[in-house]
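In the two complexes below, subunit A is the common chain; its partner is subunit B in one and subunit C in the other.
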Partner chain A sequence: MDILIFLLKVYMFFLMFMIMLYIVRHFVFTYNRICGEQRTSYHDVMDNDLPFVSVFIPMHNEEKVANYILDALVEQVYPKNMMEIIPINDHSNDRTKDILDDYASKYSYIKPLHRLGDEPRGKPYALNDALKVAKGEIIVIYDADYIPPKGQLRELVINFIDPEVGAVMGRVVPINTPRNLLTRLLDLERSGGYQVDQQARYNLDLIPQYGGTVGGFRKSLILDFGGFDPRVLAEDTDLTFKIYLADYRVVYVNKAECYEEAPESWSVRARQIRRWSRGHNQVLFKHILPLLRSENLSFWQKVDGILLLFIYMVPFLMLLGFLDALILFFSGEMEIFPSFLALSFIMAYNSFGNFAPFFQIGVAGFLDGVSQRLRLLPLFYFVFLFNLWYTSLGFIDALTDLITRRRAEWHKTERFRENQRR
Partner chain B sequence: MKSMGLGVGYSRSFERRVIHYARHGRILNVNKLLVFFQIVICFIISLVFILNIESISHVFVSHAIYLIKDVSVENKEITNSIRVFYIKYDGRFPSIYEVIIYIFSSVVGIFLAKRIKFISQHIIIYIQFLFFILLCSSMFFYFIPYKFPYDSTTFSVLYILTQVLIFSFIPAVLGLSLALFNVSLTLFLTNFIVIGIALIYSFVFGVVRYVVMLFILNKFSYIWMANLFFNLGPLLDMIYISGVYSIYISIISDRYRKFTVYWRWIY
Partner chain C sequence: MAQDREIQGESATMTVLEVMLIFILLLIAPFSFALIEYYRKKDAQQLDINQNYSKDPAYFGNSFMKLLNKSLEHVAERKEGLMEIEISSKKKERLLFFSKGSIIGKDYGDYIVVIDGYSKIEEGDKFISRKEVISFGNLIIRIHTKVRALLVKGGLRVEKPLEITRWMHVEGDCYIMNNSDLGINCYCKGMLYIKAGCSFKRIFAKSIIVGMKREEETLHNDPVYIKGTLRSKEGLNLKVYGRETIIEGNVISDGDIIVEGSVWIKGNIVSNNCVTLMRGCVVGEYGKIKSVVGKKGVKIVSNAKIYGYIHTDGEGVIEV
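Right after this comes the complex of A and B.
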């Protein structure tokens, strides 16, 4: 029994150390973003020789949103003879096919790819098929609910002028922020994640993440990797690590803001975060050893890469820590325990209120010029518990995938937009 | 404003009528010396709180005693030279009937909570979390009540220790996070006022919570002790600490975004 208690205490100390590590990381990011030297993308490069770009839009039953993204892409300030738009209709059974065909008849550079019949469904499969027909060396991907501003394609593509750049990532901004409490909280979350986290990682030459949408990559590179791995749900994180392991870099373009539709219901958000966690943890199992062995990454890139890979596993470890604390409580160990239990939980909230400490979200909102919405910060306490639970379920899913070699199925995020244009 | 083909589903009303300055490339002209001083001073304040645990506990308890009758103030040596003051107020063990009712109600609570449609899911998880701890505690008292390792005195002492720890955390946590906004001496001084407000709030809230907790242990039994500790303990403090932070930041964000003198742009 004594050994068990000892081990439980050791685990609590381990957890505390780990959370402290994340706090230091996020404080450095926040400090760097608010007053440190900032690194720009290649947005100010003047080059008339823009490369041919293929824009992919994976779609599954996207009739509510399809025309918004297509309209926005049609209006892009990019030579139309140097671009093609490939909306990938992935087994839709609503009006998506009709909408795409309608656009294709009006614009010659819109070339829908219809995936029907027995072909397996899912974003990685869809992207792999689109890669086979794409003419461009540069591929830019948008999710169907995104609405890119006019100049964005150029802002993203110009970065590939640097041969070391393997992928580029823009900033995601929710379009439906005022809709309800959840969308307001998600707006703050996105703000913390992009305005501070991604930009700071780019500033510090760490590992800014390619997010799978509002971003692009080199086709030759992904073909060298053998295409997208259909077993992995987080194909974006998978690609990020493959790019860094292959000695390429990801550029983060904070200026390239793209509007997205954030989930408007908690159940949709729960499924989304569980899927992200599952996919991210699959990538953890896949890349942790190659990352440690890699000679292409600096020491700090490895440290950041490890912390990034583990970020969706930490909530599960914290859930175990809570059970650990409960056992210690009923074992009569509270007497020596309150100080570091309190510390641990305070840190937990600091670090994982929203996968970002409150001060990081505060600074992001401050930089964005947001004021009243910042007053929602205390509510992240409840989101913390919500995230803790669903992220832990996602980790268990990933672990089960690993052990049983189960193949993950792709689930689309529900759309909420009221399409009144039909 | 041209709609850019967005249709009426989203009319772009989310856009500001006037965008003062680009947000993507701006940074704050922070005075790094003030940042350093604030962090150092706040950590010194934190240290002072920890080193003065005896006198702080005395002040804390002497205020709490006004809110509760028929109790005595006692002290206990926690290390060789440091004593901590606390209120002695007897709690009680739950009866077997109470335990059974709690087991039943917590199981029902866990399952029924999910069916409540008018409360959003993140709050439901919190409610389930409360019931889960209550269930664990009830099971403990059902099977091995004689092994319950605490009494109200232990809890009372530990509460005081935790509370002092929270007092010491407030300058450290807020000091670190507010230091990042130090663009002027005025803001530097205001930051300390905000930390002071948070400390005063924490003191008042801590006193009231202390008395309420002792009352619950006395009237509703030790079965609630785990919930008091895990749910109404330090996590609850973090809500108002971040609350104070968020209100303050929202005010200065509104005020400072218009003054270009405090900002630099990288583009």
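Right after this comes the complex of A and C.
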């Protein structure tokens, strides 16, 4: 019994230390964003020798949103003779195919790829098939619910003038913020995550993440990696680490803002975050050892990489921490390190949100010039509990995948937009 | 005694209740603000993204010209003198019209100055306007001039110091013969010749020629070719005299970049610090747009030629 109590106390100590690490990380990022030197991407460069770019839009039953993304891409100021748009119809059984064929008949540079029949469904499979037919050396990917501004392709692609750049990532902004409480909270979470977290990681030459949409990469690089790994649900995080391990880097372009549709129901959000967690933890199991052994990353890039890889595991560890605390409390052994206790609670409090703590969101709001919406911040306590549960389930899924060699199936996020056009 | 103990007990109970009440109030307080905002929705709209945004160096001049033309559509006849028109829906602006000829330099305050044809600003001590100055023809500046913005539909020749606070837009060629501040954004559709010291933030022109002649690049002495991009984390110092060096690619560094002498870079130059171009180097090619971007500063000393765009968030200096 004594050994068990000792182990439970050690676990509490470990958990507090880990939370403290993440809090320090978020503080450093937030401080850097408001007081540190800001690093620019290559969007200030004007160059009329632009490379040929292939734009992929993975689609599965996207009739509600297909028109919007295609119209936005047709409006791009990128030279049309230097681009092709490849919407990937991945086993849709709604009107998606008809919509794509209609656009293809009007615009020669829209070349739909229909994936039907027995071909396996899922984003990595779809992207791998599209890579086989793409003509561009640079690939840009948008999810079907995105609406890029007309100068965005140029802003993303220009970053590849630097031969060290393996991938580029823009900023995601929800378009349906006013819809309900969830979308308003997701809007704040996205702001903290992109405006502060991603930009600070880019400023500090750490590991800004390629997010799988509003972003691009070099085709030759991904072909060298053997394409996208269909066993991994988070193909974006997988690619981020492959890029850094191969001695390339990711550029984050805060200015390349793009609207997306955030989930409008808690059940859809739950499935989304559980899928993200499952995929991210798959990447953790896959890349943690290569990351530690790599000679291509600096010490601080490794530290950031480790913290980034473990971020979707932390909620599960915290859930265990709550259970640990309960056992210790009822066994009268809660006196662990009294002098640090108050500090530990503050640390724990600060971690609300986990992916974007309140001070990070506050600074993002300041940089975006908004104020009143920040009053919603206390409600992140409930988001934290929500994320804690579904992220933990995602971790358990990933662990089960690893142990049983189970293959994950791709589930798309439900769309909510009312199709008002065409 | 018993009564005292009862009073003490009551007081202790009160204290515990008070503390609990304060605790609950403090616990609820932040949520109350959140709930107020949730129901009142004072700030519930999505963040604004300009869906029409694309990088355009002529943006300032073109959008101002669009507004002005729209306003002037309603003017039956342009007469020399003062006129009040609505430039935007927000407020009325006072325009001062001049027909072509000689413009007297003085303080025009908050008037937008519109010059209808080929003109010279040449009399008086100083020409000042806290608003935009628009010339529909060629313009020659022969006295010290300080304006918020300058839009010239023809060519421009600057013979005395010119100070621009915001932007400058020239649709013909532009000659700057005296020390000038080119403001935050300088756009020249034709060629921009600079033969004196200047400060700037962003310059765009078909070709930006500093202290050199107009002729196109000619190769002498069996040049050295470097194909591909030069990339360095620490900084780059390309100093070449004698045999010419042609770099067919970009030059990129996280540190300073110094290019001096007979170097022709056909791509872009990008630094997260400062860029210095000296004594005869060329960036870009005729008919193409290439960029020189130095985040903390760009310095051009004596002769240099850039086809396209120069950008800095720091200090841009041209020393001839």
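The definition used in the following text is that the second predicted complex is superposed on the first by the 405 of 422 C-alpha atoms of A that agree within 3 Å, B and C clash if a C-alpha of one lies under 4 Å from a C-alpha of the other, contacts with A are read in each partner's own complex, and residues count from 1 in each chain.
Throughout what follows, a residue touches a chain if its C-beta (ideal position, glycine included) is under 8 Å from a C-beta of that chain, and two chains touch if they have at least 3 such contacts.
Just so you know, these numbers come straight off a predicted model, no measurement behind them.
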Message: What does the overlay on subunit A give for subunit B and subunit C, a clash or a fit?
response: clash
Partner chain(s) touched by A:24 [first = subunit B, second = subunit C, both, neither]: neither
Message: One more residue to check, A:362. First (subunit B), second (subunit C), both or neither?
response: first
Task: Kindly classify A:292 by the partners it touches after superposition: subunit B alone (first), subunit C alone (second), both, or neither?
output: neither
Query: Can A:45 be said to touch subunit B (first), subunit C (second), both, or neither?
result: second
Message: A:178 in the overlay: touching subunit B, subunit C, both, or neither? Say first, second, both or neither.
response: both
Message: Let me test your reading of the model: by the given contact rule, A:164 touches which partner, first (subunit B), second (subunit C), both or neither?
response: second
Subunit B versus subunit C as contact partner of A:151, first or second or both or neither: second
Message: Tell me the contact category for A:376 with respect to subunit B and subunit C: first, second, both or neither.
response: both
- prompt: In the superposed model, does subunit B or subunit C contact more residues of subunit A?
  reply: B
- prompt: In the superposed arrangement, which partner chain does A:77 touch: subunit B (first), subunit C (second), both, or neither?
  reply: second
- request: Would you mind checking which of 148-156, 202-210, 220-228 or 256-264 on subunit B runs into subunit C after superposing?
  value: 202-210
Field: Doubly contacted subunit A residues - partners subunit C and subunit B
entry: 40, 44, 72, 147, 149-150, 175-178, 181, 257, 368, 370-373, 375-378
Task: Report the residues of subunit A in contact with subunit B in the complex, numbered from low to high.
output: 27, 30-31, 33-36, 38, 40, 44, 67-68, 71-72, 74-75, 147, 149-150, 171, 175-178, 181-182, 195, 254-255, 257, 266-267, 270, 322, 325-326, 329-332, 334-335, 338-339, 341-343, 345-346, 349-350, 353, 357-359, 362-363, 365-378, 380-383, 385-386, 389, 417-421
- prompt: Can you list the residues on subunit A that touch subunit C in the complex?
  reply: 39-40, 42-49, 72, 77, 147, 149-151, 154-155, 161-164, 173-178, 181, 184, 187, 191, 257-259, 368, 370-373, 375-379
Field: Complex contact set, residues of subunit C against subunit A
entry: 30-31, 33-34, 36-38, 41-47, 49-55, 57, 204, 228-229, 231, 250, 252, 267-268, 270, 272, 288-291, 293, 295, 308-309, 311, 313
- request: Could you pull out which subunit B residues touch subunit A in their complex?
  value: 4-10, 14, 20, 22-30, 32, 120-123, 125-126, 129, 133, 136, 140, 148-150, 154, 158, 161-162, 165-166, 169, 173, 176-177, 180-181, 226, 229-230, 233-235, 237-240, 242-243, 245-247, 249-254, 256-257, 266-267
